[in-house]
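Just below sit the structures, each encoded as structure tokens.
After this come two complexes, each holding subunit A, first together with subunit B and then together with subunit C.
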Partner chain A sequence: MKTIPFERGSRDKDPLLAQASRLPQDVAPPRDLWPAIAARLSDQARTTPRRFTWPMALAAGFLVASVSALLTWGLMREPGPVSGGTMLAGAAASQPMFVPVRYGPNSALGESHLKARDELLVQFRQRLDELPPETRETVVKNLAIIQRAASEIDAALAQDPASGMLNELLLSTYQEELQLYSKVVTAGDALMRRS
Partner chain B sequence: MNNRMLLVAATSLLAFAPQAQAAQNLSKRATVAADASVEVSNIEGRVSVTAWDRNEVELTAMLESDKDTLEFEATEQQVRVKVIRPKHDFRDSSDAILTLKVPQRARISAQTVSADVTVAGVKGEQRINTVSGEVHTQAYDEPVSLRTVSGDGTISGTGGKSAVSVTSVSGSTDVSGIRGGFDGQLVSGSLKIDVAAAERLSLKTISGDIDARAELAPAARVEMESVSGTIGLRIKAPVDAEFDIESFSGEIESCFGPKARDKNAYGPGSELQFKQGGGSARVRIQSMSGDISVCDH
Partner chain C sequence: MDSAGDEVERVARARSGDVSAFEGLYRDHVGRVYGLCLRMTGHAQTAEDLTQVTFVSAWRSLPGYEGRSRFSTWLHRIAVNAVLGQRRGPGGRDEISLTDEAGEQMDIAAEPEIERVTPIDLERAIAGLPAGARDILVLHGIYGYSHEEAAGMLGIAVGTCKAQLHRARHLLRVRLQMEEGT
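Let's turn to the complex of A and B:
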């Protein structure tokens, strides 16, 4: 194999290098491409701020379905004889403390998510009081697990705010929280519809 | 009574016994369609449903408390059985034991609070919701859905192509012998599944552990995600799939294919993307801090 030395004078001796050296040093495009590229980047940034759009849509769909089903159920159900009152007061005294999941500053959950959840929470609190104590304890314990997960994801999002995976996990965590409330509310149906 | 018409044996059995706490032993029977819907609701105790080769529903009930009421309503297409407790007192732990015989193709909907549910030989669709009861059932070809808060569960498949779904808060659930699709979600607890010819697997957990064995059908889709729970996926060889695995701070291990690598030199996260065989199936797994392992044996 022939090796061409690259000292300054060698290109004068080698015809191929001599030809190459006569090629233009840069090639200008026939038109300025940057404005079109900049416009596309700008559009993309506007439409997809994060890889978050479709999970948000899924979450919103789930939320609407859950809240709608529960509100319908709430309107349709028979009024039970044991409403609030003594039962709730008695049960509340012994129940473990329940705190809804708090999502940190890096978690991109909007006000609308939290507002919808708060509406569900009203029914959840009533049903939670009516569950057997050990089940109530399990529910509260699992809400604490969801809280821990939400906090861990929030801390991770602080390091990598644009992570599609973390944002998906955050939404799954939020959905799990809602599903837990939903399970308790619908399960309480068996207790509430009494003669 | 004409069974073709709205047959109602709407019998509210307010069988108050003369003495307090006397148990009530009750039985009811109704002729129904082969695929009738049977809805059962119980608070504490047990629900046992067994299939038989008659187009009839037979209920045998034992209510420990004389204050409980049993509601039994039947039409040709639908049977409703419900234990009603006038005022729920947690200190009163009286059981209601419901034993049902139903047609093989009956569709079951069971809702319990602290009652165990056992279903055997029923080939129709099943929807079982419990708060803290245990559930044991079988899956044939029709969908089986299990929702629990704290109860454990087992779903034993018989090799039929049934869409099985489990959502559990903290129980331990074991699903085996099913084909086709599976959908599982859990907060804590554990989920163990074994699926043949899997076309679609979707598994999500917060801190619960998932142990999945699967034989993947061509073009199968597998989606698994976890916040802090561990995910184990064992795929029956030969593996023909494309893998996309990512974790923020958990470990990724695979007993075949390349090793996981850091997502970038200075930040957290590791990932593993590769194709095994022709790559016809798609496997996507992600976790925040949970460990992920994939193996072919």
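Let's turn to the complex of A and C:
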């Protein structure tokens, strides 16, 4: 890889960068944003610094990374989905409850993230009911792992919201959740075609 | 802007829950936060949303702010994280990641000078840069963060940061020359 020839003082050496450095750093927003911000402050539970959340968040993040591979193996080895007619009512009732991952107040996932998830969830819920009990249990357990990670990362973000690494971990956890739903939907479709 | 001592006092009051002190911090810093978001996203409405997210997040997390970095740096890191999160989201602009094409070696002296670049031309040219190059140019070129600081904010290697700045400079020149020629 080629080296880059300048480093220190590059803003002074390069006329274009020097001009960029003279651009105003402050840009006034077109309207006063404070009223909207102030309205949201009262809803916010302020976080008390909590120690040692970083290692826990990291550990949770690594655990989440292992979820996907295990689930893929679990879905592929299943002989096929249980049709709605063969699932006994009693067995269905005893299945672990499915709850989508809840992201805490410090996890700044935008509405677009959650909207995309909700769209996928519609298909996922249909497929989940068609899964054999053991696979369904695996899915719910994996979601619990993702939930733990999301909670730990949220707590760590409360302590260090400026951390790029924690935000990366949060996004990868969210993506892991979506991938899990997507895998269930895709595997369900494939198994339905096979049966 | 108030003196550094006043800001320290405001931060301390805001940490203990004084909303009016936090409003003072907002008034002092909103221009830079909004400017940063606007230049990184290129969208006024998105920049407004991200500015709000930044200050709400800062308020919630202020009790954990220990003053190890300057308050403005801490706030800007939150803003950069908000921008990056938004960009990677489903509703983001799906822009090329920060690790797209590394900058190519170029000889600065060999590049022709650009004449009569107005601030508006420069802002427009910056807004047209690919995301990775634009991020570095904004943080390093406009807001004065070192390569190490900018790389830390963006979660990339310092070498990538330098390469992207090099690429940004080259692309800026090309764009401005094209404008000159028209």
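The criterion applied here is as follows: the second predicted complex is superposed on the first by the 99 of 195 C-alpha atoms of A that agree within 3 Å, B and C clash if a C-alpha of one lies under 4 Å from a C-alpha of the other, contacts with A are read in each partner's own complex, and residues count from 1 in each chain.
Keep in mind that, in the parts below, a residue touches a chain if its C-beta (ideal position, glycine included) is under 8 Å from a C-beta of that chain, and two chains touch if they have at least 3 such contacts.
In this text the structure is predicted, and so the values were computed from the model without any measurement.
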| item | value |
| --- | --- |
| Touching partner for A:V184 - first (subunit B), second (subunit C), both, neither | first |
| First, second, both or neither for A:N167, with subunit B first and subunit C second | second |
| Most subunit A residues touched (candidates subunit B, subunit C) | C |
| Touching partner for A:Q159 - first (subunit B), second (subunit C), both, neither | both |
| Footprint overlap on subunit A, comparing subunit B with subunit C | 159-160, 163, 165, 168 |
| Residues of subunit C that touch subunit A when the two form their complex | 17, 19, 22-23, 26-27, 30-32, 34-35, 38-39, 44, 47-48, 51-53, 55-64, 69, 74, 77-78, 80-82, 84-86, 88-92, 102-105, 107-108, 113-114, 117, 119, 122-123, 126, 137, 140-144, 147, 152-155, 159, 162-163, 165-166, 169, 172-173, 176 |
| Complex contacts: residues of subunit B adjacent to subunit A | 41-43, 69, 82, 84-88, 90, 111-114, 129-132, 147, 149-150, 167, 169-170, 185, 187-188, 204, 206-207, 225, 227-228, 246, 248-249, 267-269, 286-289 |
| Complex interface listing, subunit A residues touching subunit C | 1-7, 10-11, 13-17, 19-31, 33-34, 36-38, 40-41, 44-49, 105-106, 108-113, 115-116, 157-165, 167-168, 170-171 |
| Partner subunit B, residues of subunit A touching it in the complex | 81-82, 87, 91, 130-135, 138-139, 141-142, 145-146, 148-149, 152-153, 156, 159-160, 163, 165-166, 168-169, 172-173, 176, 179-180, 183-184, 186-187, 189-191, 193-195 |
